[in-house]
Every structure is written in structure tokens, then in C-alpha cells.
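Quick one: structure below, then a few questions.
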Amino acid sequence: MKNKTLIYCLIFLFILGFCSCKEDGEYHSIKDKIENEGKPYHGKLTSDQLLMDSELIEITAGEHTFWIPERKGQIKSFACTECHNRPVAQMKGLEGQKAHWDVKLNHANSEMMDCTTCHNGEDMNNLRSLTNQNIDLNLSYKLCAQCHFSQFEDWKGGAHGKKVAGWAPPRASMTCVNCHNPHSPGFEKRWPVQFNTQKAIERKEGLDH
Amino acid sequence: MGRFKVLKSLVIDSLDTITKGSKKYHIWMGFLTLVMLIGMYCYSIQLDEGLSVTGMSDRVSWGLYISNFTFLVGVAAAAVMLVMPTYVLKDIDFKQAVLIGEGLAVAALIMCLAFVVADMGGPSVLWHMIPGIGVFNFPNSMLTWDVIVLNGYLFINISIPFYILFRHYQGKEAQKKVYVPGAVLSVFWAVGIHLVTAFLYQGLQARPFWNNALLGPRFLASAFAAGPALIILVLAVIRSFTAFRIEDKTIKKIAMIVTVAAQINLIMLASELFKEFYAPTHHSESAYYLFFGLHGKNALLPWIWTAIPLNILATVILTFGKFRNNLKVLYFCCFILFAAIWIEKGFGLIVPGFIPGPYGKIVEYLPTKIEIGVTIGIWALGAFVFTILAKTAIGIELGELRYKNKNSSDS
Amino acid sequence: MSDNKKWYSLDLGQNKQKEATASCGCGKTEGSCNSQKTELSADEFYEAAINASIGEERHRDGFEQVFDVKMDRRTAFRKLTASLLIGAGAVSTSCSAVIDNKTKEKAQIDWEEQFKGNYKLMTDEEKQGTINRLMRSYELRTGKNISMTAENAEEDVLFGYAFNISKCQGYMNCVSACVEENNQDRNSQMQYIRIHEMKDGQGFKFDNADDNYYHEVPAEGHFYMGTQCFHCDNPPCVEVCPVQATWKEEDGLVVIDYDWCVGCRYCMAACPYDGRRFNWSKPEVPENEINKNQHYLGNRMRKKGVMEKCTFCVQRSRKGKNPACVEACPTGARIFGNLLDPNSTIRWVLANKKVFRLKEDLGTEPKFWYFMD
């Protein structure tokens, strides 16, 4: 009898130990956990509510399908052909209002780029690719991707750029022109938005109490 | 029922003893009360304004309070250095000193708890830490271990002397089989409280200055030097102010303990310094800050360069039996050793752990007046508690307080 | 409320009344909810009501409004009497002659808040109970409403964060967005995020970096790296907390119950990433700057003597939004998402970019990765 109790105890302890081991060290690292427990998320949280007010269009780039903001509706003077009713070449030198005076091209250098690198003088409602094909203004990322292919890769995957709203699916990403001005795509130098005076006091005169 | 009667009479008698005494005694107690009141006033300011009245910041988030706490845990643990030979090794030399030592441990523990409470941001919700009522994160948090061992040690150190004194008060001999197991337990427990307190710091991978295996042993060594050094000083005072007889032999034996512990402590210090400075990594920056200053910030230099020479000086003098046996020199050495270890294990241990911060930022720390006020107040509290305990214990041991005496005089 | 509690609590017999109050939309104890019956317009009535009930109080700010209302001597005396009576265990109905309902309710709320349990162990009803009390308490003291929620972690969600070192330009929009979103103390200028300005060519030398610069950015020859709480998967701060006031939620957020924290700052010592902040004094936020969309574990008002930290904006992220810093970042250097979803952008970053984490050798498993273009 005594022996049996002992054996039962041992078995119990073994099971206990086994169970607790399993529970505790299921994964060795966060990476394992992510890979083993991951599955496409179809939970309660979505960005639908947050995206309600934005005009979006669905695009497929490579193996990624997601939404980007619609562009044409955001451009004040679209459609361009309302003024550009003739090819640019013919409009040059004509009397009339001087337009687009505020646009200064600060994108690469003048040897490489001018207006017509991207705009099609014959068809102002569309953009123009390097091979003279039309690109819809809503899909301007295609134009950018011709040169900035590594940024394009990152953007497709989500490493470059911002989301329109939340993290939850469906994915809606800002497109290039939502952050970069295509005529001057670089970010300006500026002052940081804040400075922590307390921290400065603490560090430099930290002993003056 | 008889026991309660004795207890009642003991309480009345001890109240009587502690309120009467020489003029010097009254001045001493009055002084301590005044300092405690000042401490309480400072603490009330701290309660009102928050911990911002201290010198602590997000960068150095523990300061003088926790330094003192750490040091006093060591003093409390040192009582064991007297208990061990007396009860376990049957060396009767220490018997009178033991009660004093344990009284000192009780006072030190009360100070420890007071320091921890003073350091809390929300003392009004401390009940969250009481097991059963609150949530006690045992065994994960070393702080909960510390709460357990400190309170357990407090209990042991109150109950053993109380039992012995209670028996003596009735004129009976204390029964060995009752208190010896408790005494043996307290020996292990004392090592435990100190190791657990060291683990509190040692277990933090975020702080390389603390996260080394030597921290625990070094805690023990320095505690067993500083604690008995304080006991020697206290015994010297008691000897000169009361009729309580403490033989030179006892003091010299304790001095031996102090010497050995101080030597071991120095060896460990050397080992630590070697590791930090022979092949310095970025983990050695805290040590650089402590000993030489870092990026022009050097608030701790005067402290540590006071502590180290004092420490070495005391240890060297104590090593020679000729000096050690001269009581005047011994008292001087004990005093400087105590002060040196107080600096080294308080300021020199806690503050550099936080400097430089996780991202190399340095904010220096010096305690504010309010912080110092609270600290001195708590030390006064400890001295107050100890004086009361010692006076009662000495009264009983000298036979001035006896249950029978009172009964006969009453009837 | 459940009987099987892990902490001590006391019922003063006011729960019935409280439920009745809660059912009323405007939350007023006395009179009718419908202010249109009066001749005043709704706005005027509101103003008048505030003036009558709190007067100068509403010009004060932050936490003060919640828990430290200045009282005249009579109110103070009344309140003292009330607490004494309650404390003595007097039946609350019997003292209705002595004190008015509002004071009684305040005292009841204060009492229940003082002795409530650890949020981590609460049932959903208890969580709702405490946030109702907190909202009511704010309303009683300031006359203004806040909305506080207690959403639990969603299933199949594990939050993660990635930071693009080559994109960050050091504008610090994230820092100020964070402060505004999370109601951090303005007096001590508490900030969860630090942006370190590092010199090119020196690697990650944090001790040579400046995290409090003020000059035009990006500065020549420098790059920028942000740090905040990394929400470690194996958080040392959680281990050391003696009262379990901080813990890791199911969705990976490391959170703090501000009301359970005892302020020992052990977690602060244990954090290798400088992720935690302590309220050394009473936090204050001007009333008009308070973010009133709050979560119990997130940006609600803190008190003095407790820890706080970044929660990945739990009040936003558990509604599907991005944390305030992600939203505010003008350069898109911050990426946030669900680590368990293989289609999420954060997973693409982890799989396709060269990512690394800080102090990985400590075994803390941060859920905050850095990468470069």
C-alpha cells in the first residue's frame, strides 16, 4: 500500500511538472509565438468606422491589395482640361492668366526632370510614364515607383508611409502625394515642436534644490 | 491567567523604568523626541507635496531612504554574530551582550520598515501588500520575500529576548529547549534577510552595477563588520552609563569578529575593483562614476573617497592585536568603520546603480533637507526604541525589575 | 458584484441609490434630468448649475479637480462628520438629515475607491463599477463629463511596434501628441517618448546622444532614434512589482493599475529601457487641455506617488486606432499593428526588413523593433 501511494504521488508530481513546463515555456521567444499563433485577423476590431469619411480606392500592387485615398477629388482645379483645353505647346505665349506661378520644381535637378517628365502636355488630365503611357492621377504612385522602386517596395509592404486611420484591417495606406509634395518631395528642416525645460534643469543644474 | 498578570505587571514595571532615570537619560530621551518630531514634520511635508520634496528623480529613483534601509538590514543581521556563539557554540562569554544585540536588531528592523514606508509614494494603500487582504506577488517579487523575511526576523528577535526576559523577570531560569531552536533558526534567518535584500538589487538585469554575483556575499561581509562595530560602541556606552557588567573579554571577542569581517570585506572590494577597472566595459561606467566621476559629474567623489580610506585605515589598525586590544583605539576604529560602511553600502551602492541611466543620461542625486530630516528622525526613532528596550532588559538582568519583589512590596 | 473577491471591500448600503443614479442619463442626483423644463437654455442652465455647485472649482485643473477639491469650513466639517459617521458604521440612511445627498455620494465613492480591489482581478461588472464611480466622481467635483472605458484585450491581437531610424527627423511631434493624448503632468513636463539625437558614424552611443535638443532638425550628421516603453514579452518590471499593480495584458500591453500601485518604484529600477515614469508630485493638466476620452488603464487622471508609462495608447489601440505618436508622426517612421496577423504591415516589416531590438541580450523580448530603409 505504502509503495502504491508513493508511486501515485510521483506520477502526480510528474504530471504536474510536465503541465507547468508546457504552460510556462511554450515559446522560447516572441518570434516563435508570433509565428505559431498567428492567423489572419478577422476579429471585432476594424477600421471601417474610422475610414467612413474618407474617399478610398482599392488597388493591387504586387501581392498586396489595399486601399489608398482617392486623389482627383482633392485637387482643387481638377479636371485640368477645363483650362488646358488645348495642348500646352499651343497655349504657350497666349494671353491670359498666368497659372501655376506658385509651383517651383524642386525635385531632382533640371537636367533630369521638368514638368513634362510627369505631366502629359497633350493630355493634362493624366500623368505620363517614362514610356509615354498615361497614368491616372488617382494612381500617381505608379509614376513615383518608376524611379523610387525601393521606396515603392517598402510602401507596398507597409514599411514606408502612413496608414489613413487605425491599425485594424482593412488596410488603408496614404499614397506618396499625401505626405510628399510631388513638386518638392523632400521634408523641410524645422524646429522641433517642443523643448523640455524641466529636463534641462534636472540635468544641468540638477543639484540646485 | 497567571501569566497575563505577570505580563501586566511587567508592562507597568517597564513603563515605570523607562520614564525614570538620571538627568542625562531624560535629556537624551528629550533630545530624541525632539528629533523625531522634526522628522515627523518633514514627513508631513513630504506626504503633502509628494516625493518631489526629496532629491530623487526619474533618473535616480531610490535615494537616502533605501540606502539607509539597505544598511540597516545589515545591522539587524549582525545580531546573529552574537547569537551564534552564545546559543549554538555554548560560549557563555556573550550572554549579556546577546540581549543588547537582539535589542539592536529589533530597533534596526523597525528603522528598516520605517524607511521603506517613508520611501513609498502611496503609504495610504500599503494594505495592498498585506497577504490575504491585498495581492502579494509571491514568489516572483523579491520585495515580497524581503517583507516576509524582515517581519519574520523581527518576530524572532522580539520573541526570544522577550521569553528570556520574561522568565528572568519572574526569577526563573530560561529553558534552553525553548529558545535554542529559535536562536538556531534566527542564525539562518539573519543570513537570509541579508541575502534576500542583496537579491533585491542583484536580480535586476537593468542595473549592471548591482547585477553581479558578489553583491550578496559582500553585503554579508560588510554587515558583519558594521553591525558588531555598532554593538561594541553601544556596549561601551552601556558600560559607562549603567551598572550592567560587560567584560572586556566580550568586547574583544566581538572585535575579533569585526576584524575578520572587515578583512573579508576588503578582499571582496579589491576583487570588485579589479573586475571594474582592469578590463572596463560599458557596464563599468557606474563604478567610474562612483570613483572618478563621469562626464564632469562627480557628486559622489567626496563620499566614496572618505569611505574607502576610513575603511582601509580601520581594517589595518584592527588587524594588529596590539591596537585592537586597546579599547580607546578599538572604539575609534569601530566608529570610523561604521561610518565608512554606512557610506559605502548606502550612498555608494544605491545611487551609482542608477547612474548613468539606461540611456547613459546622468542626473546627479543629493538628498534635500527634508529628506535628511526624515532620515535623522527615523534614526532617532531607532535610538529611542533601542533605549527603551535596553533599559528594560538591563533592569531585568540586573534584578531591579522582579515580579516577586513587587508583589511582596504590594502586600 | 461577485462574492468571491480577492480583496477586502465594504458596502455602505448606497449601491441601490447609485444604480438609480446611473440609470439617469445626465447623471444628476437631484431634480429632473430634463433641463428643458426650465426657462433657461440648456447652456445657461449648465453654466448656472456649475457655478452653483462648484463655483471657482472648475477653473482649477487636472487631478486637483478630481481628488482635491477645496472646501469651505462648513463643507469640510460636513464631510468630516460624514466620514466619521460612515467610518463608525452608522447606517447611511440615518444621516440623511445631517448631510446632503451629493456629499454623501462623494464620500461613498471615495470610500469605495480607497478600498476597491486590483483591476487585474476584477470581473467585468466590477471594472464597469469602478469606471462609473470615477466618471461620477469627476462630474461631482467639476461638473464636467468624461468618458472612460474599460475595454478588455481583444482575442487574436498582439500589439507590436516598429521604428524606422532612417525616417525619423527628430521633429518631436510624437512627443507632444503623446503628452496631449495621455494627460501627462505639465508641471514636471513628463514625457513617455524620448528622441535621441545620435551622431553618424558612432553607432548607437546613447551616452553621447542628446535627447533634449532644441535646434533645427534634422541636424547635419545626425540621426534620430525614439525610445519609450517597449512592452516586453518578458517584462522585468512586472516580475518585481510586489502587489501586481502592473501586468501584461493578453494583447501584449504592459499596463498599470494606478489605484493599486503603492509607489515603491521597484519597477522603475528594474526597467532597462527607461520606460517608466513616476509622479513625484500631484500631476496637473489645465482643464481645457484634458483629453476626456479615457481608459482605466490608459490616460485617465493619475494621482501623486504612482507609476505611469506608455500603454501604446490603450484607449485608442483597443478601438482599432493607432497610438497618438504613430498618428502624429509626420515622416511615417512609426509603424504599429497586430503581430499575430500575417497580413499586417508590422509583420511585413519584421519579415522583410533588417530589424533589431535594444538590449536583446537581456532576454526581455521587447515588442518594439527598429529598422532602416
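Letters are used for the chains, namely A, B and C, taken in the order the chains are written, and counting of residues starts over at 1 for each.
Heads up, the rule we're going with is that a contact is a pair of C-beta atoms (placed from the backbone, for glycine too) under 8 Å apart; a residue touches a chain by one contact, two chains touch by 3 or more.
Remember, it's a predicted structure, so these values are computed and weren't measured experimentally.
Visitor: If each chain is a dot and touching chains are joined, what shape do you get: line, ring, star, complete or other?
Guide: Shape of the chain contacts: complete, all pairs touching.
Visitor: Count the C-beta contact pairs for A-B and for A-C, then tell me which is higher.
Guide: The greater number of contacts lies at A-C.
Visitor: Please identify the chain lying most centrally, where each chain is represented by the average of its Cα atoms.
Guide: Smallest centre-to-centre distance to the global C-alpha mean: chain C.
Visitor: Using mean C-alpha positions as chain centres, tell me how far chain B is from chain C in Å, no decimals.
Guide: 39
Visitor: Roughly how far is chain A from chain B, going centre to centre by Cα mean, in whole Å?
Guide: The separation of the two C-alpha centroids amounts to 60 Å.
Visitor: Let me have the rounded angstrom distance from the C-alpha centre of chain A over to the C-alpha centre of chain C, please.
Guide: 29
Visitor: On chain A, where are the residues touching two or more other chains?
Guide: Residues 203.
Visitor: Counting only residues that touch at least two other chains, what does the list for chain C look like?
Guide: 188, 211
Visitor: Which residue numbers or ranges of chain B touch two or more of the other chains?
Guide: In chain B, the residues touching two or more other chains are 57, 361.
Visitor: Please name which positions on chain C make contact with chain A in the complex.
Guide: Listed in rising order, the residues of chain C that touch chain A are 154-158, 160, 162, 164, 167, 169-173, 175-176, 188-189, 191, 211-218, 233, 316-322, 326, 329-332, 335-350, 352-353, 365, 367, 371, 373.
Visitor: Going by the contact rule set out above, which residues of chain C touch chain B in the complex?
Guide: 6-8, 114, 117-118, 120-121, 188, 194, 196, 205-209, 211, 227, 236, 239-245, 259-266, 268-274, 277-282, 303-307, 362-364
Visitor: Using the touch rule from the top, collect the residues of chain B that touch chain A in their complex.
Guide: Chain B residues touching chain A: 55, 57, 59, 299, 361-366, 368.
Visitor: Inside the complex, what are the residues of chain A that reach chain C?
Guide: 29-30, 33-34, 37-41, 43-47, 49-50, 150-151, 154, 157-163, 165-169, 171, 173-174, 179, 187, 189-200, 203
Visitor: In their shared complex, at which residues does chain B touch chain C?
Guide: 49-52, 54, 56-58, 61-62, 116, 119-122, 124-129, 133-137, 140-144, 147, 200-201, 203-207, 285, 295, 353-354, 356-361
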